[in-house]
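One chain, chain A, appears in both complexes that follow, with chain B as partner in the first and chain C in the second.
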Partner chain A sequence: MPYEIDYLAIAPELIIFVTILVVLALDLFLPRPLKYWTATAAVAGTALALLPLALLVIDDQVVSMFDGSYVVDEFAVVLKGLFLIAAYVVFLMSVSYIESDRYYQGEYYFLLLASLLGSLVMASSRDLIVLFIGLELVTGPLYLLAGWRKGDVKSNEASMKYFILGVLSTAILLYGMSLLFGLTGEVTFAGLAEATQGMADQPAMVMAVLFVIVGFGFKISAVPFHFWAPDTYEGAPTPITAYLSVNSKAAGFVAMLLVMYLALPGLADVWAPALWALAALSMTIGNLAALRQTNIVRLLAYSSVAQAGFMLVPFAAAAVAGADLEEAFAATVIYLVIYAVMNLGAFGVVIAGANKTRSGEIEGWAGLAKVDAKLGVLVAVFFFSLAGIPPLAGWFAKFAMFRSVIIAGGVTTVVLAVIAAINAVIAFYYYAKVVKSVWLDDVAGEFPGDVEAAPSGSLRLALGISVALTVAIGFYPAIATFVGDASRVIASGG
Partner chain B sequence: MVLNQFLILGAALFAMGVYGLLVRRNIVLILLSVELMLNAVNINLIAFESFLVTSQALGQVFAIFVITVAAAEVGIGLAIVLMIFRNRKSANVDDLSLMRW
Partner chain C sequence: MEWFDTWGLTIIVFLPLVGALLLGLMDKENEDALKRTALAVTGLAFVASLVLIGQFDFGGGGYNSYQFEVNETWIGAINANYHVGVDGISLPLLVLSTFVVVLAVIYSWNHWDEPKNPKAFLILMLILATGMNGTFVALDLVLFFIFFEIVLLPMYFMIGIWGDRSPRKVPGFAKEFETRLYAAIKFFLFTLFGSAFMLLGFLALYFESGKFGERTFDITALTELGAGGAFTGTFAFLVFGAMFLGFAVKVPMWPLHTWLPDAHTAAPTVGSVLLAAILLKLGSYGFIRISIPILPDEARNWAAFIAVLSVIGIIYGSLACLAQTDMKRLIAFSSVGHMGFVMLGIATMTDIGINAAIIGMVAHGLITGLLFFLAGSMHHRYHTREMSRLGGNIKLMPVMGGILAFTAMASLGLPGLAGFWGEFMSLVGAYNPLPGLSLGVFRTSMVLGAVGTVLTAGYMLWMLQRVNLGEPKEEWEGHEFQDVDRFELTAWVPLIVLIVVIGFFPKLIFDSTTDTVTALVEMAFGSDATASARTMIGG
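So, the complex of A and B:
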């Protein structure tokens, strides 16, 4: 029954879709003082969409729809859970941030929900067309959200740079996809996997794969396709930056891994060295550039470039060594999930800290812990976690990465592991620099913001969720291994 | 049917689009270059489809999706151009250099 639709399996997408319409209608009909209901509806809809996911996890079945182009398996369910929780936290961070703005409009939530729907579609796509639609639905609304502060020229610039490089990458990706289709006559991943066996020596195929990798490279902001990221991250509103660095990056990663792992396993000789180079360059250049940043958001931007490199390591290493990709795939997904949790927290801290210091500069944060110890502790938790210090979640991400590299074995793998290890040390320097500034440096005069005011309730909840997950995964990594194991149950559809 | 001439046309259009995107300074012309690249993709897809003749007309379906998304993308792009023009009275990308490194 290829055209039968399992409505439970796509219930999260349907709920988000209805929420989008509700938010749009609320924004249209509510008078201005009641517009905050759009935020409530968005948060409620996202939380509601988690319920059918819980059922699907318990149910534990592989549902394949539309001729195998849309598959709901454990991998898809787990990633949808990640996307929904991350979006939920971003919504919570947005509430007070957007209220303090002159522009309070429902379109903000409408656009974010549309982007969330795209990432949900992406996790289930097993077909180039569905993947393309999902990817565009993720990034399209984000071009507009990056420019949300219409009067701010920096925000304008962020939006424009993101847009130009985003559409360029889409065009390159599509050109690669059109060649893939032309050479095989297939668009489903299962069909492609079969048809591309033994085509690694065809020049046209090599070109197609390289186009696809370059297209995805922009989306995940891997070096040398990263230069839009710091500018866009700095200019965009901070909750959007959090969303960009977590949801949008994770969506790009998932798309890339799905294509490589499910559609093109026969061409590993072509894409593995390219990913290896991307991983090594992203880690090294991302970290070196982060060293000289003075702005916290730009520092986090380069840190996310470097983290993207770490995420690629297990997959690239195993593919180059010709080892079993399943283990590496699981390690990459574990890294992705842990990175999402701690990075969200780091941006939450940036929002809370900026309310007090009115500054994005690391120097402007000096001595913050002396006036607000709780916030200081949170800064330490998230930044040390990003650096990979036990017992915070980050250590397990790095552990899973190195473990899968050791399993893969081989000379090229070891070289990559050494590069990763050196970079982990470099990264510690700039993460610790922020913590040092907050805890050890003296306050340079008064903080311009309201130091006494506690963060709003929703921001506290957002920080609470992130800190709970960061600490819980650190002490009890089985939570993350569950995600990794789920990603082993991945169905190619068809 | 001869496939090559269409693929060469597609590749030429794509290359022109990349070139335009890199050297043009006006944002509207950059948007046009992007359209050129996306249309190169469409020509590729349609040419492959009429050459391969797949059972579900996949190439044509793909091309229709690309056309739709391209239209939406240009809408977004023009909205961003308008926003920038209101603030700066210029649509030149060289003016967008507040942030570097």
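So, the complex of A and C:
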């Protein structure tokens, strides 16, 4: 029987795919001064792909294709929306950044779009093979993009470290998956969920699960698999860093949760303690390392390690306590969405600020608010939001996290909640350090960059979207809970 | 005024925030327009709160019945609502808050600490006002948490940008930090630490309430449950402890007070005033509004512990005052002592004690607010706060010196002025705490508290002697000092008048609070718990 394909359901993927081809073709034929059209095409294509998503939200149906390997449900739609909007913002941030470098514009957008396509596929994947292809499509182009600033040694180092550790993690992940397949003969999540019931005491199964977790641990840069992140973040072009810390991290997270939640719920005894430890370690070590950073991008790198820890908390807590995972799943998705919004904003101000200060050092930003109060306000908004200070969006992410932890109950979860609470305070200190430098410190001499120049139009739009969402979600978190609730409608396919 | 019944509180809370947005759009250079707008907005909020008093039904209903209530869905998914309302306990505090903010704007008219920037300062002040007003009317734990936290950001910036720039040694660090930077982050971290645990406590209540119906953050619903004995045992102990951390840091209670002297001393004048007058009350208000009604049995268990910490705070604060050389720091430490009396009153769990706490909060807000205004204005003129360099102030500036003498008398609890009632009644309450509480602990607390009042008189008079009396130091010879100017007078006279009026007619406050407090104590601890407060204060 030929496969039934619902073209509306996969329209976003198709549109991005066509956009990729268009960008490639434009790059081939356009003369150099007109290359910026590739950027326009990428931005337009991403925006266009949001349209069918809107239809799918209204349509509100679960579409299952390819023997249940590919499912478009509300969860997938919501995440695709997140990936598309985040990528849209990254494109906007890229325009002036890449244009100033003057080379390979077309390839840049082609690679980024390919990575975006991977994340869209991944959100719908309901078997190990599709998931793996999606995930690798996300990371593959990023190895190249991380090394985009060819002349810069740090960028080369970023790319190299990311590539080597990325490939290693892929190998480990794949090995774990192959063990899963070997032990059960299944690749679909639904099949695995059934077949793995009661196999928690088999050593090979334990090993398979642990390999999978280690593989994902690299992707989401959880401690102790985070070593690549700070160097890669620092060396990569800033828009790519933003993409790494938002899209790519979110993709890794979603993949991990899908596998744990849909495919291996029967093995919670194995993976729950591991996730618990990852969460506690990531929060604590990520935060403590972030305290010592003097470079803003490195600080954001460690902060994103710590944030990954916070994101793991609901799932780890619920699984260890044997509580309902649905609540934890929703809390994680809420956290992910809010984190994406504010972290993109944070990287947006890093780009805007670097134009003025020509510096990535926190001290180099001293007194920036005195010459550009608007940028100063944005720095305060995004960094305090990351710290979780009301009434900015970050508070609700933390709130949803604590809520799902307490709902799980039990001693181990309370311990995790206390660790998280203490870490929330530590985290505040280093986020405030940036704000302090910008607002409270005095200007040390002149800023080397052009302080008068306003950020480019596209960067302003990117910052505008981020700040509007950050403030709106902060005052009216129902926007975010809608996303969390939608993610409860998740179908295992098959 | 039908619409005011529903919109009144919302206007009082959010008008300042709207004002902040307006100021944000205005030109930075046009200082007059900025100040006028800020004055208009805070003035309107104050007038609205006066209308509130006019419309308020005193003696209406028992505890847990609120007026001007609004209850709308806010975050549907977690059943958190925009639920606001006032009762006799929160009304005086709400009015105090709107009132002090207006005075702060007036005072700011010609007093800008470096680096000036009136636009930013006024915006922060208005955001602060929204947070403070909101905390006093919030009837939903999530909403309460948000307002409770909103005040942190503006205060952080106020201390950090306009604060004291003198260098300061910090234990454990080789290099010196500017006082403002150290104080700002310390203030924030302490409060954040407390409120993270407070939030955990709120969440725990939310889930526990699910055992008795729909899960809720609603303070009125949780109060119902609490009065019915829903929360007990280890659960209640942990929740009370978590909330205790959040509120006790804010009050602040010994030994969590160490942020206060730094923050108060480093903050710009208006920041210190708002911090002392309103922000500290958010903590003690939390105990009265949330901890006691929702967890009455557990509050009883913690009472003795709270009383002991309060008394340590009173004695420690007073002794610390005697060791200060900096006038502003002395006033800051005096807050630790005064808030100790407030907390002692609350710890007695009696209607006398809680009434004492509320009038103590109002009085402390007025008096210490005024003291900080004075300290700021004197610093403005002398450019020093070292008491050893001051002296003979009353000769140099008779009006300023006179007001300082008056306020110091009010602060040490002179009968006939507002400060007297809170201290006196909380000691009376401690003599006869809620039946079942350890008489030994509370009567010892009372005696030590009384010793504390003597110490308070001691350090206040000592400060007066060093600052006001004697001959001016040689270094000021030939200096022309401008005595109190008209903006200062406009800001201070209302405070002075209120201190006297409340001193003679404490009924003004008790008329609002007594019925509600009595109802609260009866609801929480049973009807035999209320002592003879009515006869004593003529309620």
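Here is the rule we use: the second predicted complex is superposed on the first by the 490 of 494 C-alpha atoms of A that agree within 3 Å, B and C clash if a C-alpha of one lies under 4 Å from a C-alpha of the other, contacts with A are read in each partner's own complex, and residues count from 1 in each chain.
In this section, contacts are C-beta pairs under 8 Å (C-beta built on N, C-alpha and C of every residue); 3 or more make two chains touch, one makes a residue touch a chain.
These numbers come from a predicted model, not from an experiment.
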item	value
Which of chain B and chain C A:Lys150 touches, first, second, both or neither	first
Which superposed partner A:Ile406 touches (first chain B, second chain C, both, neither)	second
Partner chain in contact with A:Val415 - chain B first, chain C second, else both or neither	neither
Which of chain B and chain C A:Ala200 touches, first, second, both or neither	neither
If touched residues of chain A are counted for chain B and for chain C, the larger one	B
Contacts of A:Leu288 with chain B and chain C, given as first, second, both or neither	neither
Partner chain(s) touched by A:Leu30 [first = chain B, second = chain C, both, neither]	neither
Chain B versus chain C as contact partner of A:Leu210, first or second or both or neither	neither
Doubly contacted residues of chain A, that is, touched by chain B and again by chain C	none
Chain B residues within the chain A interface of the complex	7, 10, 14, 17-18, 21, 27, 30, 34, 37-38, 40-41, 44-45, 47-48, 51-52, 54, 58-59, 61-62, 65-66, 69, 72-73, 76-77, 79-80, 83-84, 86-88, 93, 96-101
Chain A to chain B touching residues, read off their complex	128-129, 132-133, 136, 140, 143-144, 147, 150-151, 153-154, 156-161, 163-164, 167-168, 170-172, 174-175, 177-179, 181-182, 185-187, 230-231, 234-235, 289
Touching residues (chain side chain A, partner chain C) in the complex	373, 380, 384, 389-391, 395, 399, 402-403, 406-407, 409, 417-418, 421-422, 424-425, 428-429, 432, 436, 439-440, 476-478, 481-482, 484-485
Chain C residues within the chain A interface of the complex	74-78, 120, 142, 145-146, 149-150, 152-153, 156-157, 160-161, 180-181, 184-185, 188-189, 192-193, 196-197, 199-200, 203-204, 206-207
